[in-house]
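So, here come the structures, one by one.
In the two complexes that follow, subunit A is the common piece, with subunit B as its partner first and subunit C second.
Take a look at the complex of A and B:
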């Protein structure tokens, strides 16, 4: 475990140095993020200019939800999506061989090897948005609630991770799956509103095929005190199951990998 | 010119036929955002007892379905593709051809829209059935919509090209694209129909080109404008289109000099 943490630190350090070579781009990315989050909050404010509640969600609660949305996106974009992009490339070109030869868990390596360090700023901004929202909610946040929030946030990220891993694993059979990922990103946008505002057919596709809806709504519910320990435990069980299935699929896919020379 | 276009069309249809699934997948991008906001506004409208600022729940449905169709028909991706072509050095051979690169992308753009239109309408039908939609237009709304959507598509395409020329100076234009997309997100009527925006934002919306691409054709298709207003909007669209063409010609000529100066 310690070994893997140390390895992850090494990955992060390398990628940070790499990113700092393009300093101008780095600052522009942060500027873009301010723009995106600012306009998203603007959208929510405009809608709440006409109402005080949306399906039982108040404005401060919606702000919290938006913050969680960017936290989850930030987490996934920080580590998993850059790593998976490279993985697909490796599978197509055949350079995955080099990863397979290393004496570490391959799934860990391909999931975490590449980071887009600048996305850590998303995490920070997302957190700020959550805190601002919570201050507006004004309710007392107990230790138990914070714990449930952190747990469900972690489960949410892992839920999205397992889905991404499953999608990327398909590249062993289909070689070109970028388009599937494009669909995934298109659907993630739905996470900006609570999952319960969507009509049934969309909710089913959001919550099962693309669990982003659950991933975002659950933590926001947990911190607002609308989700108890049992709910979080169920979410955890679901996440463990999802990660298990995705890992099994990954190992199955790896067996179909034929390498560069084949 | 017509003969050239006929040849280009045939070639592009053949090229597009290879990537049918891909074309359908990209169509999802046109659909998802309007549906998300439609769902949200339906929730708001329900909370307010069935109507918000003159829009009933079914008006919202009509507006956002119209917006889906308009958004799809005005899609332009040159600002993304052009940067890639410049960076990869693929622009240079295109410049050697006697035909301006713009014409190739006109054809690509048209073919994609034509081939994905039917599936898009099917999806819109499903959405229309899910949300109780009510169309409140007259026949002349449809007649007005035809020139309006053509102008909007041309305007969106030309703005895409103006932004694309920024590549000549900046190399990476991610930030410019994001800036533009987010401005359009706020001011083009994606968040809300324009009349539901705060007054100050409405003024900005009507003075920027983005609403003339999305919100205005959508309002016309929905049947939400009077005839005089509709005609006025058409004039606005035409003015913006003219401006964008002038801007493009100017930027292209200046940019091309810059491009050869780098020695690419």
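Take a look at the complex of A and C:
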């Protein structure tokens, strides 16, 4: 475990140095993120211009949800997306071999090797938005509630991770999976609003096919005191299952890559 | 032939190793792709057809064969990247494709046509990542890096972006990356591919020196006979996945080439020498004749006798290694036994 943390620290350190070489980009991305979050909050404000609740969600709760969305997206884009982009390239040009030669868990290596450090700013901004929303909610937030929030946030990130891993693993069989990923990201966009505002078909697909709906809504519910420990435990069980299935698919893909079946 | 004391046990032990690739026939179009995912169609490619050999600790062995002979496939099986279709192998006492930690820490695979470094950052940063991945203790890491830096002249290269390095410089840095964890076995697949002559020489000297200093066992494939001649006393030749020769480089010509080469220099111009053997070249007063190995002495004597005063010089040699290898590789079917 300590070994893996040290490794991750080394990954982060090199990537941080890399981003520092392109500092201009760094500031630009942060500015861009401000714009994106600003406009989504604007959109929410406009929606609430006419009503005070939407399907039981008040304006402050919606803002919390938006913050959670950026936290999860930030987490995924900080580590997993850049790593998976490289992974698909490795599969295409054959350099995945070098990962397979390493005396470490290969799934860990391909999932975390590359970071996009700028996206840490999304995490910060997301956190600020969550806090602003919570202040508006005005509720007292206890230790238990914060703990449930943190847990469900972690599960949410891992749910999205498992789905991404599953999609990326398909690149062992199909050379181009970018299109699938694009569809995935389009669905993810929809996750910035609570699932219950969508028509049934979309609600179902957001919760099952692309679990982003659950991933985002659950932590927002947890911090707003609308989800108890049992709910979070269920979410945890579901997450473990999803990660398990994705890992199994990954190992299967790896076997077909190395020709173990031949 | 092998003293099987534990110390001398072969580092690489390969028995009847065979690899058949199953190639999926990829179809274009979404519907076809989907169909082929459900019911796949395969074509079989026999890449390695039952090869057997051992390599002892500290040996540097050249692995020769034309394109498509199965060299890379063999190295990939020996480094655990591919499962063989049948046969057995151990490397450092481990079955490679089980990918056990001790095995992976003890070996390295370098490929001349592929890079393990991240191109957007300096090599020094990639090295630090490798240090953590292999859990190399700090003191040992520093020692190894210093030594590699000295042997390969890496000083000025380590802090440049890898993208900005020349092919030769990049290869030197790749070597260092692959050796940072001080592996006992190194598989080198075409390490001098595409390099200019002087850089090829540089890499060669490095491999020889590294082998001497570290005692690492090295199996090396190369297109360039010069690499092999300079580095390997022993060669293994494969063709169409079949092992054709395993032995001393010095004996390769004798075993693989059924002929010897007689070069004659005449005082006058060359007449018709075809009664002595196959005249492969003749111009003005120089001629080269190939004669069956067994009759080399007798033909030479006849040449001396019949040409008499006309003969200025005569020599009998084995054909150059390149030529032997080219001849062997040019044959469509593997030669079963070429020694007459």
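Just so we're on the same page, the second predicted complex is superposed on the first by the 257 of 262 C-alpha atoms of A that agree within 3 Å, B and C clash if a C-alpha of one lies under 4 Å from a C-alpha of the other, contacts with A are read in each partner's own complex, and residues count from 1 in each chain.
Note that in this section a contact is a pair of C-beta atoms (placed from the backbone, for glycine too) under 8 Å apart; a residue touches a chain by one contact, two chains touch by 3 or more.
Source: prediction; values computed, not measured.
In the superposition on chain A, A:174 makes contact with subunit C only, not with subunit B.
After overlaying the two complexes on the shared chain, residue contacts for A:144 are found with neither subunit B nor subunit C.
Once the two complexes are laid over each other on the shared chain, residue contacts for A:193 go to subunit B alone; subunit C is not touched. Judged by the touch definition given at the top, the superposed model places A:25 against subunit B, while subunit C stays out of reach. Contact with neither subunit B nor subunit C is seen for A:229 once the two complexes are overlaid on the shared chain.
Common to the subunit B and subunit C interfaces on subunit A is no residue. On the subunit C side of its complex with subunit A, the touching residues are 19-22, 33, 37, 76, 79-83, 85, 97, 99, 101, 104-105, 107-109, 111, 114-116, 118, 120-121, 125-126, 128-129, 131-135.
Contacts from subunit A toward subunit C in the complex involve residues 3, 6-7, 9-11, 13-14, 17-18, 93-95, 97-98, 100-104, 109, 173-174, 258-262. Residues 21-22, 25-26, 28-29, 32-33, 35-36, 39-44, 46-48, 52-53, 126, 130-131, 172, 174-175, 178-179, 182, 185-186, 191-192, 196-198, 201 of subunit B are the ones touching subunit A in the complex. The part of subunit A that touches subunit B in the complex is made up of residues 25, 28-29, 31-32, 35-36, 39, 42-43, 46-47, 49-55, 179-180, 182-183, 186-187, 189-190, 192-193, 197-199, 201-202.
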